[in-house]
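Consider the two complexes below, in which subunit A is the common component and subunit B and subunit C are the respective partners.
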Partner chain A sequence: MEIGGRMLWPLLSGLGRRKGTRGWAFSSWQPCRPLAGLLSATELVSHWTAVFEKRGIPEAQASSEYIVAHVLGAKTFQSLRPVLRTQSLTPWQLQYVQKLSGYRLQRMPVQYILGEWDFQGLTLKMAPPVFIPRPETEGLVEWVLEEVAQSSCAAGAQGGPLILEVGCGSGAISLSLLSQLPQSRVIAVDKGEAAICLTQENAQRLRLLDRIQIIPLDVTLEGSWAHLLPWGPMDLIVSNPPYVFHQDMEQLAPEIRSYEDPVALDGGKEGMDIITHILALAPWLLKDSGSIFLEVDPRHPELVGSWLQSRSDLSLDLVAVRQDFCGRPRFLHIQRSGPQHGCPVEARPGPQPARVPG
Partner chain B sequence: MYLLQWFGLPHEVEGGKPHLKPGPEHAQPPSMSNGGLLRWPAPLARMCTAPWGLRPWEKPALLAPGAAGTAVQVAGKRDRPTLLPPLEESDLEEQFVKGHGPGGQATNKTSNCVVLKHRPSGIVVKCHQTRSVDQNRKLARKTLQEKVDIFYNGENSLVYKEKREAEKKKQERKKRAKETLEKKKLLKELWESSKNIH
Partner chain C sequence: MSRHLCAWLFRHSSHNGPHQCHIHPQSRQFTQRHLDTRLWVFRQNRQPPLRHLLDKNCPRRYCLQDTRMLWKHKALQKYMEGLSKEYRTLDQSLQRVSVNDGDRRAWTRRHAELAPLTTIYQEIQEAEQAIEELDSMCKSLNQEDEKQLQELALEERQTIAQKIKMLYSELFQSLVPKEKYDKNDVILEVTSGRTTGGDICQQFTREIFDMYQNYSSYKNWKFELLNYTPADYGGLHHAAARISGNAVYRHLKYEGGIHRVQRIPEVGLSARMQRIHTGTMSVIVLPQPDEVDVKIDPKDLRIDTFRAKGAGGQHVNTTDSAVRLVHVPTGLVVECQQERSQIKNKEIALRVLRARLYQQIIEKDKCQQQSTRKLQVGTRAQSERIRTYNFTQDRVTDHRIAYEVRDIKEFLCGEKCLDQLIQRLLHSADEEAITEFLDENLKSTK
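What follows is the complex of A and B.
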């Protein structure tokens, strides 16, 4: 559906001239039917959906709906009060939609355009290049919550569980756990400075700073685990580590390739690099029978199973695999068995050559 | 208790529509030397006695200003947990607007709309109230539960009962207000007439 072009031309072309860079955004404009009156949210969504579709932008309608809803102060178009959908937008609102849609035409992810996104009922700030939480990962949090409810030692005896998150990104996993486990404490680490800042900011906004320690740390560096020892043995390690196979990186959509930090995605040759590092340092950081919960690529359950077999020195068992809401094997529960290793500082549990299973 | 089953159920994709089926979580590969521990969510047994939608330790605490959705306990303006007949996950058919990509980190998907169908009654609910798939699934189930209740119980459904109760209370308040007004009128008239006598 074409919008009354004549009303918008001066508005939009004016913008274009002022900014000087948006010429391409108007190339798809066609002068159309005579002035139809002021624009409503519904009409605007239709318009931008058509523009996005023409330009090959994925999720054209969803993108358009989120942008318009956001400008009108709602999270989704469906949640917008019906009366607001038919009311005319102000010129300022139209301009704002125009600006945000321009970013979408550049394949910027909607979450970065809006500067926020929701995860497990929390609204978190989003900022490139920090990794955007995926909907699947909500399933990881649900699983952890279930296990904590079940496990009497982890739940709230003296304030617990104590959770380590590796690769916290925007803080999605840590903060959703903290908000749903009022007695828990979290140590969140990430090697990216931007991620540390963003987790900090989100924790502050959610008033959860008192129960989280946010530490810049690269767990793949030798001896890094030692920095975590002072916090004591942990009940749980949770992570959505970079798990994309390196060879798959170049096939990622422009939204991901051009805007998200590749370091947060690239897991090396078989997507296993960071996963194996986490598993290797787990025995040094976990309590007896402590657990590790990971999100992984669907090809990983088998690979991780084999790897753990080759590293029986770690005393880790793959206890369960769970599917995401799309039916793909996505989450692993690995448990530590046996007494805690003594932690002499000189002993280094870094990656060892794979041993032939005995 | 179906809340816990959501992410533990194997999905089968048939013609693009995933169905929810009860089933155990996958065991680890048989090659595991430990003989494999198949863990069936024990809370299932415990949860059946808990009020619907609420885990014993769960508080509907909202920490984010304007956070979408809350614990499923909140149904409209009711304060007590609603005791609607729970829905069987095996009766439900769930559809997500999902791309055909690999999913997870390799995909950036924002269409989090959930379409939920109750097969026995044929009722379909669509939820895109929030930007979180998880929340939309919960809200869809809540809405579907209410609709199924009305469908099967009609006038006797909890929704209608509560509506009638609210209406009744409203009528009572109106009646009392009217009575009070009439009493005042009467008193005023009496006072007026007593003035005239003197």
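What follows is the complex of A and C.
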């Protein structure tokens, strides 16, 4: 923050000169403190939009709107109570807006600046460098929910499905599934410690801790799946694995490159590194006709399809591809067709293994 | 009770063709003497013996008179007679043993339906009888010494008359055709007009929107903002809200239409010159459908978002969650950016779209239903001017029922004043509906 504040100084003084008294309002600790209260939310938004635009910050207006709305206690500027738009802000609020806008000038993603973001109607805490859930992923959750609803209709609905999420990040997918499937349980794994902590915290805030098991685990390590066996065969595996092609990593926006954990994004040469690991461990963990739902790059459906054909030993079939809201092929439904692979039945743990400890 | 009934009775009385008459029966001052005289003659013909007595002693005679007129009309009487007869027949049939189960169930249901109506009808008849008896007694009590008794009789008569009035309104309520969408929640949209007085329109739009927000809290309804596009100087271009609660559509359905404002702008040349400007804003009230009422094929939808360009997914991290929904077959466009979650914005937009499509269906329905009706209040297209807010004269006028409110500020608070007007509109609409209903009935029995 300190840096952010200092960076603003030349800007603010320049503004002061240009626009007269108005600019001074921003530097609320300046001698002209009484003027501080004169700026309304609407004016503040247009001011910061102009500043962001001048400095080449993407989504200038949206960013300034989110920041001002956040300071005034609303989620979006659109949902801000009309009265609050024209009312003057307090010096403290102005200072807060200024502080947050300073972060934005350094290209920090708005989600990290606000420290929270919404996913599927849940408000989740966001903290760098944990991956920020993208809106496309809401579509993945929708699809899983649809499938669960359908299959539970067919099966006569006894209890919810047991779901494994690989690479839970902030917990967005797991927690939104849990909140909408009151009978189900989730095993969420991630190799990053920050992600594990954040998922834990979000689960606690949303009071979903009793149905989620959060395990630090790197699925790329040999035999890692064995650690998951005690939790029983899964009905579903869901994942939004890192799928950016390694060569594309450099072209990502500064917001992503400098703030988000590259491990959550970089999928290796063809973006398939983690995807193939997930597919390889799936047969060990899935129930007989269990499913995998993945979010992938639009180039992946074809790649994954042919990879699965070359690995017929896995007994996995790509059964459906779904597009995201922009019409890009984005989600895969892969189903286990054959009997349990490679793992002798007697080697499996009992039907109800040790429950969630603690 | 009102001029609609008068008008209606006029239409069916022998002297007159269809007439629109503007008489306010409650007010003692007759503004339109000509028509009123006719009405007078008409009333005299109907009830000559009571006239004199009533005039002197019943201060609320007009209200009573109107209900009685409705009652006296053969259409209603015939209708009620028909129902009573049906009820008696059912009563007898049900007492017979040899009725099969299917019939019995249907009859029992109809029997239960008719029971309250016939009870009221019977009570009214009895009360009328009592009044007639009292009247004939009064007529025979002319001497001075019997004055005390006469007063007593009149008192008694008033009590019964009051009771009859209540019974009538009860009957009236049960006869009013219920509207299908009355219980629904609504989506209320306000849009500023585009006349030259732009600023006053936008300011006025904000005031009206605030009024409905206050009215919602006054009525304990839930008010969710769906969209809010502010204008300069604290004005409002457009806004939409979802209002849910008890019978919201019933109360707000007559608020849809053009609201006109007349005021001196607060800034600019006209402000200095004290020139009065006229502006407008429009209110649209859409009943919120249930999911089953309107099916939308996902194929007919085009969804525009700010992520449409580029690779999407993990490659980008944008925050603009605004959604623009285009319904291709109708060309309807709905936007939403209330939420940070895109999928929630889409849900809201879909809800609004569904309400708009629903409105189209309803309009079509209504056009068919009421092709012959010329309603004063009713459901005219929401493009007609319904009310004027004259700030310079501090007066709100509703053009449909010629109703005036004096205190604009109080009215815009969206509490009692607005509620009173809304109740009045509802009442007038009910009267129109029942008048039409009887009209139809009369035609079909002729």
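The working rule: the second predicted complex is superposed on the first by the 299 of 358 C-alpha atoms of A that agree within 3 Å, B and C clash if a C-alpha of one lies under 4 Å from a C-alpha of the other, contacts with A are read in each partner's own complex, and residues count from 1 in each chain.
In the analysis below, a residue touches a chain if its C-beta (ideal position, glycine included) is under 8 Å from a C-beta of that chain, and two chains touch if they have at least 3 such contacts.
Please read all numbers here as calculations on a predicted model, not as lab measurements.
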On subunit A, do subunit B and subunit C fit together or clash when superposed?
clash
Between subunit B (first) and subunit C (second), which, if any, makes contact with A:Ser179: first, second, both or neither?
first
Per the contact definition in the header, classify A:Thr86: touching subunit B only (first), subunit C only (second), both, or neither.
second
Looking at A:Trp143, would you say it contacts subunit B, subunit C, both, or neither? Reply first, second, both or neither.
first
Which partner does A:Thr42 contact after superposing on A: first (subunit B), second (subunit C), both, neither?
second
Go through the superposed model and pick first if A:Pro301 touches only subunit B, second if only subunit C, both, or neither.
first
Of the two partner chains, subunit B (first) and subunit C (second), which one does A:Leu206 touch, if any: first, second, both, or neither?
first
Between subunit B and subunit C, the one with more contact residues on subunit A is chain B
With subunit B in view, single out which of the stretches 346-354, 364-372 or 436-444 of subunit C clashes with it after superposition.
346-354
For subunit A, give the residues common to its interface with subunit B and its interface with subunit C.
58-59, 62-63, 66, 75-76, 78-79, 109-111, 117-121, 131-132, 134-136, 138-139, 142, 240, 242-244, 248, 252-253, 255-256, 260, 265, 295, 297-298, 324-326, 328, 330
Which residues, counting only subunit A, touch subunit B once they are in their complex?
58-59, 62-63, 66, 75-79, 109-111, 117-124, 131-132, 134-136, 138-139, 142-143, 145-146, 149-150, 155-156, 179-180, 182, 205-208, 240, 242-244, 248, 251-253, 255-256, 260, 265, 295, 297-298, 301-302, 305-306, 309, 312, 317-331, 333, 357
Residues on subunit A engaged by subunit C in the complex (per definition of touch)
42, 58-59, 62-63, 66, 75-76, 78-79, 81-82, 85-86, 109-111, 117-121, 131-132, 134-136, 138-139, 142, 240, 242-244, 248, 252-253, 255-256, 260, 265, 295, 297-298, 324-326, 328, 330
Counting only contacts in the complex, subunit B reaches subunit A at residues 4, 6-13, 18, 25-29, 31-34, 37-39, 41-43, 55-59, 61-70, 94, 96-99, 101-113, 127-135, 137
Which part of subunit C faces subunit A closely enough to touch in the complex?
206, 209-210, 225, 227-228, 230, 234, 236, 303, 305, 307-308, 311-321, 337-344, 346
